[in-house]
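Note that chain A is present in both complexes that follow, paired respectively with chain B and with chain C.
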Partner chain A sequence: MRLELGFIPIHDVQFADTSRVEDGVLYVNAEDIKALVLKDEHISSVEVELARPGESVRITPVKDVVEPRVKVDGPGGMFPGTVSRVKTVGQGRTHVLKGAAVVTTGKIVGFQEGIIDMSGAGAQYTPFSKTQNVVLILRPQDGLSAHEHEVAVRLAGLKAAMYLGELARELVPETIETYETLPLLEGLKQHGDLPRVGYVQMLQSQGLLHDTYVYGVDAKKILPTILYPTEVMDGAIISGNCVSACDKNPTYVHQNNPIVHELYARHGKDFNFCAMIITNENVYLADKVRSSDWTAKLCEFLGLEGVIVSEEGFGNPDTDLMMNSRKISEKGIKAVLLTDEYAGRDGSSQSLADAHVSADAVVSAGNANQVITLPGMDRVIGSEAYVGIIAGGWDKNKMEDGTIMVEIQAITGATSEVGFGYLSAR
Partner chain B sequence: MVKEIERAGIPVVHICTVTPISLTVGANRIVPAVAIPHPLGNPALTMAEEKALRRKIILTALKALSTDITEQTVFDVE
Partner chain C sequence: MQKIRIVHYINQFFAQIGGEEMAHVPPQWREGPVGPGLALAAAFGQTAEIVGTVICGDSYFNEHTSEALPEILDMIKAAGADLLIAGPAFNAGRYGVACGTVAKAAQDELGIKAITGMYVENPGADMFAQDVYIISTRNSAAGMRDAVKKLAPLAQKLVSGEPIGASSEEGYLPRGIRVNLFEKDRGAKRAVEMLVRKLRGQDFTTEYPMPDFDRVAPQPAVKNISRAKVALVTSGGIVPFGNPDRIESSNASRYGRYDLENIMDLTEGKWATAHGGYDPSYANRDADRVLPVDVMREMEIEGKIGSLFRYTYSTVGNGTAVKSSKAFADEFVKELIKENVQAVILTST
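And then the complex of A and B:
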């Protein structure tokens, strides 16, 4: 499967009467987006605001971040099975408004939502301080359940991103990158002398607003399966998560998964990146056992010699991570694990809820319990009313001078377990 | 807590969903629970079925408590 990504760089965003892209500026007609979003009867009102890098702006509570993309050639459309009709994607040509993002906020859906600061200390911790953000402030109809509210906000973000992505359809990309994965046997013929490497992505699927969707299927109901890695670039996996902001994968991160991109960069040179395996993190032990069994079985079946495993979230999924580590290792396959840590504010506590001796090559994306002081901002998009109750905040964490103290757990993408962040030991 | 109570000489059964963590942290008698959000219940069942399920888990735990063991043991609910 072969996919070309055509990148149209965006370095500014402005309101205008007509939505369009000109000279790297994304012009947005807010009324068009409002009309699109309000077609959903579950949404009672929506406001559109813009947030640019360097501005004294805080967006909170952040639910999801989505990148505007459009399929210009090849089967299917963006977010298949959720917004576009279900169809296997990942081939042909896709255009990307690189540098732009849709961010959803408004009345909080679940208590684990995030903060994006566009400047100041907090901006150093979130990758979305560097994007030109079109922010939707969504208000649900009264009486909606939390789950209905989550669906409505999720779909609103995806639809707005598709609307903006559509503006890139006729544009000439500044750069084009090509990604190709051959069917397994053909790939082995072409790269027969190279080590066979795979990527195991664990998807958050604990339920209770901790959900991920694969081609529209709730990930807690999947058995581990195989994807061509280009499928995720076309929105095959989307976030329905209100899990801790620092280490969940917003839809944007699924579209731009750095592990996939890094593996492609060395594919055919240092190793043969054979396939991507997705698995889940369920709350029943039987599911954990079954999914880790199947993950190891697929690694073995594909003849992999080494895999990278990324976790999403923390706590009981640490056990899924360790079960995957143990079972993959027992097949004689090397595994490197990517996770983050909840090691207490001083970093001296146990980092993960579970451990296993096979986990001997682990990359940490940072300590989510680290405390940071965020300066007051001139403008808040959404509401600061929730900064004391979101995960990583605490009661009365807003000081009289307007500063806010939080654990970096509360900052969207701060300890991304797929490495889509800035924290580094270097 | 399991380990501290046992240290005082009182045997403990740990009823929990994620038994691998219980094994990692060193509980000796472990009984698997239903699911993390509802360890001793199951909203998919009727009230009568759920009560029967609870009874089974508790009886398994009582059996575990009165069983001599020489190593960490998971007692499956039958």
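And then the complex of A and C:
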């Protein structure tokens, strides 16, 4: 499967009467987006705001972040099985508004999670302080159930991103990158002398606001399966979770999965990147046992010699991570794990909720309990009313001078366990 | 700016008194730098001065610690030191233990900053890495130049009170305290590099060494449960509606103690979860799903258990530091013991 990504760089975002892209500026007609989003009867109102890097702006709570992309050639459309009709994606050509993002906010179900600061001390912890953000403030209809509410907000972000992505359809990309994974046997012929490597991505699947969707299927209900890595670039995996926002993968991160990209960067040179395996992190023990059995089995079946395993979340999924580590290692396959840590605010507690001797090669995305002081901002998109109750906050953590103290676990993407960021700990 | 006053501790070998045959020499004082102190002094330049050197034989120190240590501390104190540098000891075991002991005592008893250097396998490293900053050195004195290069800047930060970076940035041995840092390469790139090295059989360093995991063996079964007083304790965050103790949804800093007297069932709107780590809908609808008071009451009435203890203890286990959890339990277990509770049902989520 072969996919070309055509990048159209975006370095500014502005409101305008007509949505379009010109000279690297994304012009947005807010009314068009509102009309689109309000087609969903579950949404009662939506406002659109813009947030640019360096501005004194805080976005909170954050539900999801999505990159505007459009499928210009090849089967299927963006977010298959969720917004576009279900169809296997990952081949042909896709255009990307690189540097732009749709961010969804508003009161979210029970939990209110996630902070994106566009400047100040918090900005360096979130990748979305560097994107030109089109922010949707969403209000659901009264009386919606929590689960219906979550669906409505999730779909609104995806649809807005598709609307903006559509603006890139006829544009000429500044750069084009090609990614290709051959069917297993052909790949072995081409790269027979190189070690066979795979990527095991663990998907958050612990329930409401802890879910992930694969071609529209709730990841709680999947058995571990195989993807061509290019499929995720077309939105095969989308986020339905944001609680403890530091280590949850927004849809944007799935679209740009950095492990997939870093593996492609050395594919055909240092190893043969054969396949991507996805598995889940359900809360029942039987599910954990079954999924880790299947993951190890698929690694073995594909003849992999090495894998990278990335976790999503912490605590309960640490047990899934260790089961995967143990079972994959028992097959004689070498594994590197990617996780973050909850070592306490002073860094002196045990970092994970589980451990296993096979986990001898671990990349850490940092200690999420580290406390940070965020300056007050001139403008808040969403509401700061929840910063005391979000995961990583505490009662009365907002000071009189407007500064807020939180653990970095409250910051969207701060300790990305797919290694999107640079943070680590020792 | 005033120069930092340094006292340097070294053994008989580095003082060029002699090898093993001279290891019995007792503590002695020399003005100014001696041996490796010259390289150290050069590394500090104008910012610091080695005012004197304490020399002690390794055998003497280890065999007569109770006499040698106070004598050495007196010398350091008399010199008016701001900073004690011991060694580096590289892989010399007794020297490492002496350096660690002197450095820790200088911190604890004289209240001055102290630093040393050792090879990771030096027995002194294991003994003192949590108490004293120990620069990670090679296993022989051939690593002196490298060691000094890392030692001087870290010592300066210690004295000035500047924030100390992570062990990998500053070059000290991990102290069991996790410190965040920004790496040059993103995590995904580091993971791929680590995988390539592991596949090739090359050296690599894990960023998080697995701890000795604290696994608790279950107690033997309660002999006569039908007469036992049983308590319910949970990390599932069940609290009276409104979360009166403001228990955090993640990394809880506190727990609640709630009265269950006359409560037969945890009902919606009266009880809920404060936990941020799972779908709360089902626990909020019926908190007995996490904290099974209803079933315990039935068993109480049926005589299957003796009684349900009047109070329940609840916290949020979501990303909560193990150290905090231990501290909570240490506290409330006292009441459980005092009240003759014979069994605890601990529910998690």
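Convention: the second predicted complex is superposed on the first by the 419 of 426 C-alpha atoms of A that agree within 3 Å, B and C clash if a C-alpha of one lies under 4 Å from a C-alpha of the other, contacts with A are read in each partner's own complex, and residues count from 1 in each chain.
Criterion: a residue touches a chain if its C-beta (ideal position, glycine included) is under 8 Å from a C-beta of that chain, and two chains touch if they have at least 3 such contacts.
These numbers come from a predicted model, not from an experiment.
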### Task
Using the overlay on chain A, decide if chain B and chain C clash or can fit next to each other.
clash
### Task
Kindly classify A:D354 by the partners it touches after superposition: chain B alone (first), chain C alone (second), both, or neither?
both
### Task
Determine, under the contact definition given at the top, whether A:T279 touches first (chain B), second (chain C), both, or neither.
neither
### Message
With both complexes overlaid on chain A, does A:E341 touch chain B (first), chain C (second), both or neither?
### Response
second
### Touching partner for A:T131 - first (chain B), second (chain C), both, neither
neither
### Query
A:Q206 contacts which: chain B (first), chain C (second), both, neither?
both
### Query
What is the contact status of A:E407 with respect to chain B (first) and chain C (second): first, second, both, or neither?
second
### Query
In the superposed model, does chain B or chain C contact more residues of chain A?
C
### Query
Can A:T319 be said to touch chain B (first), chain C (second), both, or neither?
first
### Message
Looking at A:K288, would you say it contacts chain B, chain C, both, or neither? Reply first, second, both or neither.
### Response
first
#### Entry: Touching both chain C and chain B, counted on chain A across the two superposed complexes
206-208, 283, 316, 354-356
### Message
Could you list, by residue number, the parts of chain A that touch chain C in their complex?
### Response
110-111, 113, 124, 146-147, 195, 197, 206-210, 243-244, 258-259, 261-263, 265-266, 270-271, 283, 305-308, 310, 314-316, 334, 336, 338-339, 341-352, 354-357, 359-370, 389-395, 407-409, 416-426
#### Entry: Complex contact set, residues of chain A against chain B
206-208, 283-285, 288, 316, 318-319, 322-323, 353-356
### Query
Within the complex, which stretch of chain B touches chain A?
17-21, 24, 32, 34-37
### Query
So in the complex, which bits of chain C are touching chain A?
166-169, 174, 176-192, 194-196, 198-199, 204, 206-211, 213-214, 246, 248-251, 253, 276-281, 284, 317-324, 349
